[in-house]
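Each of the next two complexes has chain A plus one other chain: chain B in the first, chain C in the second.
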Partner chain A sequence: MRVVIMGCGRLGSMLAGELDAEGHHVTVIDIDQAAFNWLGDGFSGTRVVGPGEDSAIQEVAGVKHADVFLALANGDNRNAMAVQVAKHIHGAPRVVARIYDPDRAEVYQQLGINVVNPTTILDQMVREAAFATSPESDAPSSDGDGV
Partner chain B sequence: MRVVIMGCGRLGSMLAGELDAEGHHVTVIDIDQAAFNWLGDGFSGTRVVGPGEDSAIQEVAGVKHADVFLALANGDNRNAMAVQVAKHIHGAPRVVARIYDPDRAEVYQQLGINVVNPTTILDQMVREAAFATSPESDAPSSDGDGV
Partner chain C sequence: MYIVIVGGGKVGRGAARDLIGMGHEVCVIEREADTAWSINHELGEVALVGDGTEVHVQQAAGMNRADVVVACTGRDQANLAVGQTAATRFGAGKVIARINDPRNESIFRALGFDNTVSATTSIVNAIELEVNKGLQSLTRLTQLASSSFMLSQQRVAEQSSVVGCTVRELRLPPSTLLVLVVREGDDALIPGPNTTIHASDLVIAVTHVQHEAALRAALT
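Then we have the complex of A and B:
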């Protein structure tokens, strides 16, 4: 599949590397060229420098022909804007935005945007790791394990 | 239960508010007093200003009598240090640290620390949201829903 990822931080670069290794056609966009250092040397995908919410930059990154667009930059507004441009202007069939603010996440959800909200996800994971662990046991909880 | 949370950011404050509302005895530590603005007005727990990895600050926060210590500050090293102080110096029976670096997360896991690693968790959530969604459907994916 053709995947365009906006945001080459820890998460974006990890996904880019994995998807690239799995044979997907990956393009990564980041406003800061230094962010591409997160990518391993093995990364064979394309790097585009610029604001990924910008329609012209998305054009360069080939969002028009992308199967998936992932907005994983820092900043809820940027991510939300980026996926809407990708979806409504370039017709990206599948878009996912990382949105930290739970309230905004719900709103964007209602706008038909696939949202991943780290705050509520981690809230649950931390609670499970903290309260589902035997105090006597030093072993990692299944949650801890799962991460 | 007595819960001490280091780091009053989006996640720490959300957990603090929830646990407080559920009747737990919650103490929040943050190096920046302004961070307590994340807490809702309804929060009836204790606020301690200072570096939560500092043994003396943990003493003030009552970690000695805490059932759970959560290290949710920014900075893997601070969180890892804090849970080790809480566990080995103050005898906190249950500790959880948020560790962003997957490699470090694995190491701390092996040290018997419950670790929640946002990077690998979100990697999975984003993949599911992106690849398990019907392109035709605008409906939030179950993953999106779940967050």
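Then we have the complex of A and C:
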């Protein structure tokens, strides 16, 4: 598959490396050239420097022919705009946006965008790690440190 | 009317000042506390400090009762987020969005935001108008309702071959309508097929952008 990833931070570079190794055709966009250092030496995909929400940059990155567009940059608004440009201007068949703010995530879900909201996911995982009762974990206690 | 303005820079503040002057109730959402303080100092308690793309900030600003939302930050992705959040979460009916990069106009339109204002485009058009003044060539005045149609004006030269012709006789391109003829010493008139074109007439026409050159030729 042809995958375009906007945002080459920890998550973007990790996914890019994995998908590249799996044989997918990967293009990574980042506004900062130095971000590409996150990619391993073995990465054989394409790197594009520029703002990924910019229609012209998406054109250069080949979003028109992409099967999937992933917006994994740090700004919610930027990611939201980028996936909508990819979807509505370049006709990307599948787009996913990382949106940190749960309220915003809800808005974009309503607008038909595939949203991944790390905050709610982490909330759940932290709760489970902190309070779930399993053989090796402590039972929930009410006299904790009370952070 | 109740108008929520997101972005208290020069554009947002200027809009707030004018709208308050016209008697409207205004709230300006501004991210920087210093800027908000300065707005309040000038215009009274109208500024709210916060990120206007956030749902809870829009809630605090009373977005649910806003008649008009003006998204005029310096970032297009923020203006888009303001408009989409206001429309989706608070049912805002009328959203006016500022576009900083004219190339983003198509995405705003594709997402249903027809009321956009692009300072860059306006300034470029104003410069073109000034540059072309007195050159007796076709000048684009404004783009109409974000369509492909333009309002244009052209001064008819003294030696032009169309002087003395009626509108019917002009070889106007398709999708073109002459809407006004401004004649020196006379009031303007709305031309009909039998209106005669005089030298120095200022002819104002609506035309499709692709026929601009043909219109220029037809009036030269």
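Annotations for the structure displayed:
Here, the second predicted complex is superposed on the first by the 132 of 147 C-alpha atoms of A that agree within 3 Å, B and C clash if a C-alpha of one lies under 4 Å from a C-alpha of the other, contacts with A are read in each partner's own complex, and residues count from 1 in each chain.
Going forward, contacts are C-beta pairs under 8 Å (C-beta built on N, C-alpha and C of every residue); 3 or more make two chains touch, one makes a residue touch a chain.
Not measured: the values here are computed from a predicted model.
Contacts of A:Val126 after superposition on the shared chain: chain B is touched, whereas chain C is not. Using the contact criterion defined above for the overlaid structures, shared-chain residue A:Arg10 touches chain B, although it does not reach chain C.
Using the contact criterion defined above for the overlaid structures, shared-chain residue A:Val107 touches chain C, although it does not reach chain B.
If you count the residues of chain A touched by chain B and by chain C, you find the higher number for B.
By the touch criterion stated above, A:Glu59 is placed in contact with neither chain B nor chain C. By the document's definition of touching, neither partner reaches A:Asp32: not chain B, not chain C. Looking at the shared chain after the overlay, A:Leu70 reaches chain B, while chain C stays out of its contact range. Within the superposed three-chain model, A:Val116 lies in touch with chain B and out of touch with chain C [touch as defined at top].
Look at A:Arg94: by the touch rule set out above, it reaches chain B but stays clear of chain C. On chain A, the surface touched by chain B in one complex and the surface touched by chain C in the other have residues 101 in common.
Those residues of chain C that touch chain A in the complex are listed here as 53-56, 75-78, 80-81, 84-85, 88-89, 101, 103-104, 106-107, 110-111. Residues of chain A touching chain C in their complex: 53-56, 75-78, 80-82, 84-85, 88-89, 101, 103-104, 107-108, 110-111.
Touching chain A in their complex are the following residues of chain B: 1, 3, 10-11, 14-15, 18, 67-68, 70, 72, 93-94, 96, 98, 100-102, 105, 109, 112-123, 125-127, 129-131, 133, 135-136, 138-141, 143-147.
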